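I'd like to ask some things about the structure below.
Per-chain residue numbering starts at 1, and chain names A, B, C and D are given in the order in which the chains are listed.
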């Protein structure tokens, strides 16, 4: 080791701090390309979320090949593995600084979205949250707009419905992270306000959950219904064990948000899902021209797969960005884009939606669905609907 | 009381499954002194084989299980001959590097072939549902797991004690140099044992699809559990890992049932305490 | 005057097996003392009890008049007890110079210093050279990885490392074991040249060496002291002949 | 010799001007390198293999993060606090790890790491649980240099901390203390017979390595204004070990090289192929393990030796 090296490096450090580095041009560049930095969990435990959203976005691009306000849309996809918020943040930073993207999109889970929020603020980039569902997310940056849903929003209607359906006592079972806690809180609030009582609140770990012991507790507690929220993809083992443990035979009804009966895996869950009642903003079985177009576009992109509520968030996110771009007539200034997108209303494959101008969060209809078999396949069939539910339920 | 017994039996079933998945790792560690973090990848392979045969080709479940074990054993045999032989005798960290690399490769290939989704199977009707004895309920599949895995454990134990191969295996574990000197084909014993361990992992992976879930992340997700079983149980025996796996299963399930607030904390605490109390493994005699 | 090294009723059990059974032994300052006994007599266990590598089941060890029964190995070393091993225990990746310098630093109480380079300590380097001179390790061998040295050379390093501790009492566990005859002369010369003020306890199979070297001999059998006295007495003792010299098991290793 | 040492650091500094758009990645590399150095001290020099080094990394990250969240955003004192907390944790856990012996000790490090992960997960009121620590606000360095979007300040700050701690580590491994660690790793039976207090030295090394990891974690929290559970995850410990083995164990530059190679490969592969990058990373790891010879640094040395012989 040498003193000389150390000294020269220290001087170097001093110079570096004293002189400004190469001037970096303004972040948002104009041109004929609109670059969107898409950050999704493409590998790791939440990979299916990323795959659904990416497929939906590619499907949207196929269906809308024409330039928008003179701009061709380009997607830069990055994998944040779903479990490393610091990576999400770094990727957002790089996309902003190096790739000069004009919008950020994706964001599979709450911690990932929260970690990236300050970057959106600082870089003044619209950030479209297509999946993460904790209520607080849009409040973390004035540049965040959400096309997914929020858990209080999806939860409140089922709590009210449960009360109407004669359910008096319920146990909640949620995954122990922010969205789960949101769902637990929202359900309890609405359900007790309507006169029901929550007799136990159970939380399962985010990783490596084994639902057997929790479900055994539910069985012992003998409520009228079990309310569940688990992240997309986790629903299958839970439903299986619900059936195996004989909870249905014990007279316990299964209710929950639609995450648990995700369209992506619904058919694999099989008969144990039949009869479950859930509330959500999207079902692939939704009957509308917009949804049929979406299903067709998705099938062309990912043959043999069914889009789920994650996919619709991606699809609508693209629609929102495109509309924003049209309204600014191709101006990609972040603040103007956000202003143009906030307050938008349109008919999405899920039904009518609106981006609330103040909160920048989504306002949408929430459907009550029952899982049924139609034409040899399982579907979440919508049979009731609460209109224009706000992000806080 | 009845639910306490149900919980206990659930734990036993989970533990038994864990045993079948990890026992191969403990033998390879004891015999070849190889830290094989890719062990779970053989479990994953078994799981996928089972899923494909069952869901796409309609093969009966027992046959699918056998095929899963056979496929994983074959894969284990090939990889052992092709790759693992080169890392015997290398330091443990190199083996870690190697086997983690293998996990990445196999995970990516599984993803490429089967997608990132969680895979599910439909159990035959004779294994679905639940039965009750004297108020104690137990899922049929869990009962099936207990019986099958218990049988596997017994077969392994007696195989090791009673058969000629078992005797040779034990000799090779005790002292490879001496065993070589006595003219035992240590290399072939290694191959067969490795294939056997991988096959068992494949069987465990297939059995575990219903309980543990299956996706390309499987080997990494459960790696820590396998390591815990081996460390707590000690290498070189069947009974040690068996007890460790049972304990792990029961403590995990019981902890989640009675004190869910503590979560996974309890299982790691139990592991650390056991390791400090019995560093050589559960059944090792104090030195 | 207190003994250099003394044990009273030193015992070590492994389960039901008594490896060392109530051994009382006195090594005088400056002594040339040998400890002999048939294979499995408990000699190496005994050395491990003396050095503190193993804990005793019962009995005491005192070093230069201080009770060290409860002291850990490194403290006994600091108090003046050094040892060599029957099978070389060296640092395969280090050179002889590195290992010896490191050992000297430890002996000088500098081992916890982290802010100065070891090889910036000129005094230690010179001392290490000197020490390797004493055991006659050739210059060329001093800067090679220890693992690449022939076994005889490694044996010299084994002794040099023990000497680096500046011991008052030195335990030599079969110093010539495993050394090819061609090289053993160097090892024996190094043993013979040990400073006279150091008490040496030699554990050995080679009777030639024992009788040439020792001024006092203790015979261990089945973990217990069978005989103790001057070489001539031992050579004449019928009990020793019976148990050891007379038996066909005057084995090596 | 001096030149040889100057090259990597001059290169690292030049990166600031050469890759002005890649500074977040460069910061990540510097932090990974510091973490790899911490692992090298305990694994490469002292020979104590650990699977739980992330515990200290995470402890440092949360310490620095929580300090800044609670209104003390001064970076340097934050790092000191991170180092202190991690060192304290090391001091508490060292006796447990050393008590258990080789393989069991390894598993104890794993178990302790997992316990801390779960504890942080459950202590959501303090740590933010699975959602991560929100609201970390750093003050400018020396009151002058803000942590900016381009990551300029973050990179120079990380690099400077890495440089100082790296040089300190070099001093450490060249000292009698450092050599006694090599002796313990080389032969744990002989070292005590040379008067080396093995437990005390290993404890000291463990604590120092913990403090290093704590600083690395603190840097991550400060430069990203965020701390989350993955800082404590087994994955992080494993990645650190991979970097170390990749670069070459028991030489500090090996740790640097490994961190650079691993992070860059990881980044480049996942950018080129966001879905299947793990496949290529796996191939690289397997190939390197089979090639052997002390990681990249070993391969480089062997190559140089071969060239010289010609």
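Some points to look at:
Heads up, the rule we're going with is that a contact is a pair of C-beta atoms (placed from the backbone, for glycine too) under 8 Å apart; a residue touches a chain by one contact, two chains touch by 3 or more.
Keep in mind the model is a prediction, meaning the values are calculated, not measured.
Note on connectivity: the fewest chain-to-chain touch steps from chain A to chain B number 1.
Common neighbours of chain C and chain D: there are none.
Distances from each chain's CA mean to the overall CA mean are smallest for chain D. Of all the chains, the one whose CA centre sits at the greatest distance from that of chain C is A.
Between the CA-based centres of chain A and chain C the separation comes to 72 Å, rounded to the whole angstrom. Look at where the CA atoms of chain B average out and do the same for chain C: the two points lie 48 Å apart. The distance from the centre of chain A to the centre of chain D, with each centre set as the mean of the Cα atoms, comes to 34 Å. Among the residues of chain C, none is in touch with two or more other chains.
The multi-chain contact residues of chain B, meaning those touching 2 or more other chains, are 111, 263-264.
Residue positions of chain A touching 2 or more other chains: 43, 176, 205. Under the stated contact rule, the graph of chain-to-chain touches falls outside the line, ring, star and complete shapes. If you check each pair of chains against the touch rule, the ones that pass are A-B, A-D, B-D, C-D. Listing the residues of chain D that touch chain B in their complex gives 43, 49, 96, 99-101, 103-108, 110-112, 114-115, 118-119, 121-122, 234-235, 238, 241-242, 244-246, 249, 275-276, 278-279, 281-290, 292.
Against chain D, in their complex, chain B makes its touches with residues 83, 86-87, 90, 92-98, 100-109, 111-112, 220, 224, 227-228, 231-232, 261-265, 268-269, 271-272, 275-276, 279-280.
Within the complex formed with chain B, the residues of chain A that make contact are 43-45, 47-48, 50-51, 176, 202-205, 207-208, 210, 212-214, 216-217, 219-220, 233-234, 236-237, 240, 243-246, 249, 264-265, 268-270.
Note for the complex: chain B touches chain A at residues 3, 6-7, 10, 14, 111, 115-120, 122, 128-130, 137, 139, 141-142, 210-211, 213, 215-217, 221-222, 225, 252-254, 256-257, 260, 263-264.
Those residues of chain D whose C-beta lies close enough to touch chain C in the complex are 171-172, 174-180, 182-183, 186-187, 189-190, 192-198, 201, 204.
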